[in-house]
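Note that chain A is present in both complexes that follow, paired respectively with chain B and with chain C.
Right after this comes the complex of A and B.
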């Protein structure tokens, strides 16, 4: 009885031994698969439209005109030196139809495509991109934080942008030798 | 009997399991040929069918302003950016926005890490980050004239091609910045900068850490060529007016910083002002030179050879060439400033509070 049971198990297991070979997909089969390779993104990036989380002698709500309410990025290019500042970054950018896909280029580009003959990562500019009260200030400062003692900041200019931008095209990214 | 059967079962179990690994999707090794195509040294960037334009236009709910500037009395200066654009050449001051390519697939804009030990980088032991425009090419090969967009291949050393019947996009954009400036004392005044069929080939910036000075050091080359750079005070609606200075066949080759005399850009830690510095030229064996001649020692010869290269190598020098300067319709002929060598530069910005 035991032998019969073991033989049964044996038969059951040996049946697993099949040869489901992985076969490569040829070009004509691949050509029937479309619309699966890319990403289409829409969204809105909003930075400190009302004001950031900090409230101190320098930062505050955007309704308080004596305070700075935007985000702030500062970086240094020398030890113990001053700082480059992108200050008061606020507003929003809404976009629709930012795309990412991998694309093979074998023609076009005034003859360069055939010479190139490789794949690239294509980042497609959005169909529409709209800024809403987006602004930032370029400046340099004596230390990293505006609340530091003796802090001095030299503002160069503030750029303000709003409305629909004309921005078309594709950014192609690829490895180079 | 049972023992034997049990062993057979185990053996067969084992043999039954083994073929599970047997699939024909074999992992193959990468050949040298395959590998030679992938080295990840840099990232190439090409903008295809590119157009950018934005400008202050209240009627169409568009705002583009530069604020925070003051005049000499401390009064605010308001600047409306009427238009900032990049488009295909022939844009007629940004009124016709057709797409252009920036960079070629075979010679793109590039972000790359360079090995400082390489002979053409000359920074032993350093890693160098390079951000570059398309490089220049041989005139004899496929190079195009950097200035004249009507000439074909084999006429210059620029890689970017002008717009032509066979390749409409081209790789040379029209670019412009049109400003409307309002001060407390005067009404709106226009100031416009428009460049046609612009080329930046051969430009690059290299960045590295200067261990001795604890600063970020840079070597910057800006090449800018255009058949016409126009600075005008025309109104937005009439960009082609005669109140303009046209610099035809304009060439700028700006060299700021070298590996032995780097450009440092930073900020002052007391006043907070921007600082731009190129340290003065020197050499560790400069004292082995007498009146510009080596004292005969190996060190003296090394210093002499260094300064001979410094004063004769054109790549350290900046040039500005204007083929024809046209002011308000009157031609003033050509102007050149060639061979400028910066031996020391120290610029400090400070607030001019009235």
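Right after this comes the complex of A and C.
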């Protein structure tokens, strides 16, 4: 039971952008790959498509237009300061053809590949991603919970995404401790 | 090799002992049958013996090359009062066929007991009270049945052909160590073995053949006592309350088996060597919780089990421990075998089913049951270059539990390099093979029945691990629809192995295990169940989260793994929903020296990870049935509505596994080293070498995360994760033009469609037929719903080894999350 949550955290950590580099693999590199031995993933990730579990003065059913039914993430960078907020996160992302495998990097990258000479995670982008009413709002708040007495929030912008996205190429994740 | 004369002498001595026991003038009585009794019997011509026996043998020892296994305090008496006799009636008759019939029946419930089992250097030496012992065993029984020695000869065997038929009722079978007992209570056993052959073959080997063995075991309760005043009783003699129970057990067995024993073991001139094989025609095994054996209570069971077991050259010797120093544990009974092949097919594994439904299913095979599907388990134990297969049974158990107990000095190796060992999960016509399973253990396992004492000992059966090196790995997964057999499945494509969400399964793991799991009686619901207390420590280990299928072993590895897990009052109950697991309190720490990509020892590292977890009152329910019918990529309750929303409708069948967990992450308790924290460390001294120093780098710390209901004072919702696990078809699209890695040609966007022989083609979407859609590739489909009201991180800190803590975030809060992921993994071609 312990391992499951820890795996979730590991997966979150390994997708940190600062360790990733998008790179297209040329034909000569591909010719050195004999067979594939990774996995092909298809599926969907949905966030609060039909609301969340919290009900209070701020959160509620999606049918209640006076309430927010999306997920919310907030963080405080200064002690006793205000809070950055990513609010009302909801929608879904469906994909087919996300691939994952471990790949040896022994050359290329302006000579850095030969110096690296180790394995990386290769995440093959799905050709097509369909976003279905995916949205979130960037804001700042006066305290950690929007249900706090006297809470004030300033919304900066709301991002909404729907439709098809085309993503090609591979994401190579280099472990560099 | 056992000389025939020796064998005959052995049998003669045994028969003489039996005769002495049963005819002892002080305790047995020859009775003439009354005229009234005989008048009701036509053709009666036998002999009836009423025997009242109370026997006690100080020591019965078996010596092998000068070292002995001694059964001490061997007694036969009444079970109710051991000062009274065990009463039997025997009827001996010659049947018309010429067969000799020996009927037997109990007149009361008898007890056969062995008080101590010790290893001795010489017979008859009085042992000191604290001399190590395996503990004691007892069997209570009320038996009725017969053994008929047929007037025929089995070809090739000099001996007899027996029809054996007996029933035991009101039985108990118990194990006692240091005043604590674990026993089967209310046991009944029905056995029929017609045509049993017992004799000597031309090679001089003792031969036992069971061509028609049938047995059914029913156990009302598996009970535990920590009161030394109790001995083989259902009701505690002091508190007058029923002893706590783990639940009920039921087993049904139909097999045929052959066994030979020859003289001479693995060491010295004495000992024995056993060869055996068995075919299981049908077996059913189940555990019931708070059951009335009809419609009340719920059961977990493996039903419709078939299989075979083949044991080659099992040697039995009494040998001294080969370990030295503190690991030396004296003489033991060494069981070593050259090879053991075991294959089992479980047709249906049921969770939360009633006994009535199980009984109906066993009879007709059609009654619907709450099944997660079936399993095939194939294990081949064979010697490797480094390990043999030997278990030495030594006396004493865990050193702090008392002088009685069992220590198993164990070395076992499962070979799977040619995929002779594997594990298969079958559901709704699809199969997932964990291919090429290899595993080993090497170290000590201890068994003690312990009583709660302080913070180190708990009520129940304590299974201890002492420097037990262990490891397992699979070469990859093989997945197929409608595979006709395990061999057919072996021909399917090998794909990468990865951790499966919800199951906690990793494709490979190894390390050294210390600690214990103590299984106590009673759950959280009702009177019965299992309570687990445990402290486990894995050190110097590694764990794979992903392994490529190319045979290189490259993958994603947690290397330099040190992992400890602590469970307090984890209670297991079977309910109509399935297996329910409640965790009173649990905490763990996983310290990974290197999170590597590539080779587990030399792959590039992301650095060190430490994951600490502390929960109170968490729950999990494992139930039958997977995701069922679902809409992926859209919203809709049926295929029409789903496709109208641009979704893809999938029917994942009625079987599968659902795991629903609720975790309550609690505030840290510094003094007890319990907390929720995630630490990532990089830039350590010696980073990139095998000798980096933990604690010398820069750390990013997500500290003290907790759950609540959106207010600090309440935490009733927790962090919930619901997993639906199925083996299911999915759509796989070609990502580029031209041949793939297997040389199969197609255009970008074409669908992969499987052929019956395991090969595949690519078909343009416009040309897809209903038959093509039915033959989409099969993969591991995991639907995960994670939802929580609030998850609070106290702080996010950056920690410098000399500069100390610097707070990056003074708070991080996640609220109102409900995330569903639906991922199907198939091979990458």
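Just so we're on the same page, the second predicted complex is superposed on the first by the 125 of 177 C-alpha atoms of A that agree within 3 Å, B and C clash if a C-alpha of one lies under 4 Å from a C-alpha of the other, contacts with A are read in each partner's own complex, and residues count from 1 in each chain.
By our rule, contacts are C-beta pairs under 8 Å (C-beta built on N, C-alpha and C of every residue); 3 or more make two chains touch, one makes a residue touch a chain.
The structure displayed is predicted, hence computed values, not measured ones.
Asks: Applying the touch criterion given at the start, work out whether A:56 contacts chain B, chain C, both or neither, answering first, second, both or neither.
Replies: Only chain C; A:56 stays clear of chain B.
Asks: Contact-wise, after the overlay, does A:39 reach chain B, chain C, both or neither (first, second, both, neither)?
Replies: So A:39 only meets chain C here.
Asks: Give one of first, second, both or neither to describe whether A:83 is in contact with chain B, with chain C, with both, or with none.
Replies: After superposing on A, A:83 lies in contact with both chain B and chain C.
Asks: Could you look at A:141 and tell me whether it touches chain B, chain C, both or neither (first, second, both, neither)?
Replies: So A:141 only meets chain B here.
Asks: Can A:171 be said to touch chain B (first), chain C (second), both, or neither?
Replies: The answer is first: A:171 touches chain B but not chain C.
Asks: With both complexes overlaid on chain A, does A:101 touch chain B (first), chain C (second), both or neither?
Replies: A:101 contacts chain C only, not chain B.
Asks: For A:152, select first, second, both or neither according to whether it touches chain B, chain C, the two together, or no partner.
Replies: Only chain B; A:152 stays clear of chain C.
Asks: From the superposed pair, tell me which chain A residues show up as contacts to chain B and also as contacts to chain C.
Replies: 2-3, 6, 9-10, 13-14, 19, 76-81, 83, 116, 118, 120, 173-177
Asks: Can you list the chain A residues touching chain B in their complex?
Replies: 2-3, 6, 9-10, 13-14, 16-17, 19-22, 76-84, 105, 109-113, 115-116, 118, 120, 125, 133, 137, 139-143, 150-177
Asks: Flag every residue of chain C that touches chain A in the complex, lowest number first.
Replies: 476, 495-496, 498-499, 501-502, 504, 506, 545-546, 548-550, 554-556, 565, 581, 583, 586, 588, 590, 594-599, 602-609, 611, 613, 618, 620, 632-635, 646-647, 661, 663, 678, 680, 682-684, 687-688, 697, 709-710, 717, 719, 721, 730-733, 735, 740-742, 748-749, 786-790, 796, 807-829
Asks: Which residues of chain B touch chain A once you look at their complex with the stated criterion?
Replies: Answer in residue numbers: 2, 5-6, 9, 12-13, 16-17, 19-20, 22-25, 37-54, 57, 60-69, 97, 99, 101, 104-106, 108, 110, 112, 161, 166-167, 169-170, 213-216, 264-275, 349-351.
Asks: Can you name the residues of chain A that touch chain C in the complex?
Replies: Touching chain C from chain A are residues 1-10, 13-14, 19, 33-54, 56, 59, 68-81, 83, 92, 94, 96-97, 99-102, 104, 116, 118-121, 124, 127, 130, 132, 144-145, 147, 173-177.
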